[in-house]
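Alright, structures below, take your time with them.
Each of the next two complexes has subunit A plus one more chain, namely subunit B in the first and subunit C in the second.
Showing the complex of A and B:
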């Protein structure tokens, strides 16, 4: 998995990043290492682009759920942007599409 | 010219030097042929130092951690620092009051320091290997014990045959199934805790315990109520551990032929009827994501040869040697095949996906829970 296009805005406490490739148990630590500093720095709203993610597993979904909860705890939210078809299918099968804000 | 009787003649001096050199050669030979018979760090180093102490007639000889330097003005104290292959430095410190250390003594002390360092390093590697073996043994034992949360018995269910099996990708996994009778009704859950290995398996055993309790407390109200009970029992524990569990709960009433289902984010789940596999969609996210969510309950009146199939994503997500996934379509097609023996049929599905995988490793836990109706023996 590659994390690209990481941008932060100090003015409104938001950040965005995009993922590509496989997002699975092997990539969970790398994702956590990338997003945790954002939340610890006070970023409450994070936008994660998923249009180029080819595969996502339950460990990766748990990482997104974890990030969503952390953002909501500090008054923000996690937005999943343009999930690819394989990701959208998994989100629908698990009904996690009802838990996330998807744009 | 008078000659002092205390003056040493050149011959005596040469003889003394030769004797010293010979003593050092013998000492070096003894050191080189010394065998320590202990893998305890302190015992093996002490054995070497004890031998060297006697051979070199030193008062004190010890191996201390770190790098140290002896005073340059005092040739009766020597310090030889060495570094083992892991980069850890130690220093052999020697004191001798009877005579100053010579250049030859220094070389011998260096040999002793290296010998002690190697014994020390070997003992430490051995201790680390033993520690690793103990941790691995305990991990394997814990994995084996935690997998025992899954029921081994296959109860007789009137008007239905049960197949249930899970193959963890590692020694333990987060896939689960559990079942129990409440009155005449057969209750079950099939699920998948996020994550892999022993952490997921430990949470899995808690979910199984919660399911058993919820069967008893809420079984009469149906599977949606059973899911609600598990949710109340497990949500905080799952959420605190940054985990969730996808779970389908079901009940089968043999007298009415009624199958009731409630699905919290689990997939793949099918009801096979008349040669077609209908996917049982989830009506809420998995347990552990958001608190206090309700769940819809659906019901089917079953006919002979109908099947309920609750599997885990380890089946469709298995890849072959080229990286192609087995996929939902192949899995669905395999599920609708007629079968005389549910045990043989279920095992065959495991074999099929294993054959498909080829040399690719099992990427996730595989679980298959099937009820085939109307074929009770």
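Showing the complex of A and C:
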């Protein structure tokens, strides 16, 4: 998985990043290493682009849930942007589409 | 998401086929509660996008976790769930699925999505060229292998040498869980298959050579999925034992006729 297009906005405490490739358990540590510093620095709203993610497994879904909870704990939220076909279907089948804000 | 692709998936998920499927995808599953739903989602999306009638068969292998309940709850119209009352080995689960399949072309794929389903078309192209059996291969030139452990590389390399030179099976990777068959080939091979464990692939490919079926190998991208149930050392010993068993079975004439009829599932939980 490649994490690209990371942008931060100090003024409103938001950040966005885009993922590409396969997001699975092998990539969970790298994802956590990229997003945890954002939350620790006070970023409460994170926008994760998923349009180029070809597959997401349960470990990666758990990482997104973990990040969503952390964002909400500090008054923000996690948004999933433009999930690819398979990611959208996987979110629906796991019923996580109702838990996340998907734009 | 493209509307047409989404529509194709929604139709597949909600409307039972009124015709014979062009494709069947068989997924053996033993205690796959952590992996099975994302795998079903990825495969359903890609296969629906192809625009041909198709079915999915989940061949449970006596799971003791919530795999069966999870799959049932999906309530997908063209997913057939075959439930086994007890664990019989991956080979037994694949056989039940393959003999239940109705498609003209039948793929079995591991539940961990280690060989991404997007490579379906590359194997199908070989079937369309006239091959009976097409094997996804991590050893063929052009394959991409990610995260495979050193131990697994050593074992698989050594075993492949034996397979090719002693048993003259013309395939460099017999064990990749991504293999495609014509309906006729699947029926003939899996009705004769006797090995229920990990080495069933080897037996099937041995039989394909014995029956002069055309077999092709296609390089695939393969990613070692975390949580693999394969224990390389134990499997290598079983593999060597099963090579001898296959040869012995053949000498005794046990592959001359069918060894299995169409299995009746204990429970057809969803769809079809």
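Going forward, the second predicted complex is superposed on the first by the 103 of 103 C-alpha atoms of A that agree within 3 Å, B and C clash if a C-alpha of one lies under 4 Å from a C-alpha of the other, contacts with A are read in each partner's own complex, and residues count from 1 in each chain.
As a working rule, contacts are C-beta pairs under 8 Å (C-beta built on N, C-alpha and C of every residue); 3 or more make two chains touch, one makes a residue touch a chain.
If you're wondering where the values come from, they're calculated on a predicted model, not measured in any experiment.
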Practice item. For A:69, select first, second, both or neither according to whether it touches subunit B, subunit C, the two together, or no partner. Key: first
Could you look at A:26 and tell me whether it touches subunit B, subunit C, both or neither (first, second, both, neither)?
second
Across subunit A, the partner (subunit B or subunit C) reaching more residues is C
| query | With the two structures laid over each other on chain A, which partner does A:83 touch: subunit B (first), subunit C (second), both, or neither? | reply | second
Practice task
With the two complexes superposed on chain A, say which partner A:59 touches: subunit B (first), subunit C (second), both, or neither.
Solution key: both
Just to be sure I read the superposition right, which of the two partners does A:99 touch: subunit B = first, subunit C = second, or both, or neither? first
Where subunit B and subunit C land on the same part of subunit A: residues 25, 57-59, 61, 93-94
Touching subunit A in the complex, subunit B uses residues 192, 194-196, 239, 242-244, 246, 264-268, 281-286, 288-290, 313, 317, 364
Seen from subunit A, its contact residues with subunit C in the complex are 22, 24-26, 54-59, 61, 83-86, 88-90, 92-94
Subunit C residues touching subunit A in their complex are 1-2, 5-6, 9, 34-35, 37-38, 40-42, 44-46, 49, 74, 113, 116, 118, 146-147, 223, 225-227
Contacts from subunit A onto subunit B in the complex sit at residues 25, 57-59, 61-63, 65-66, 69, 93-96, 98-99
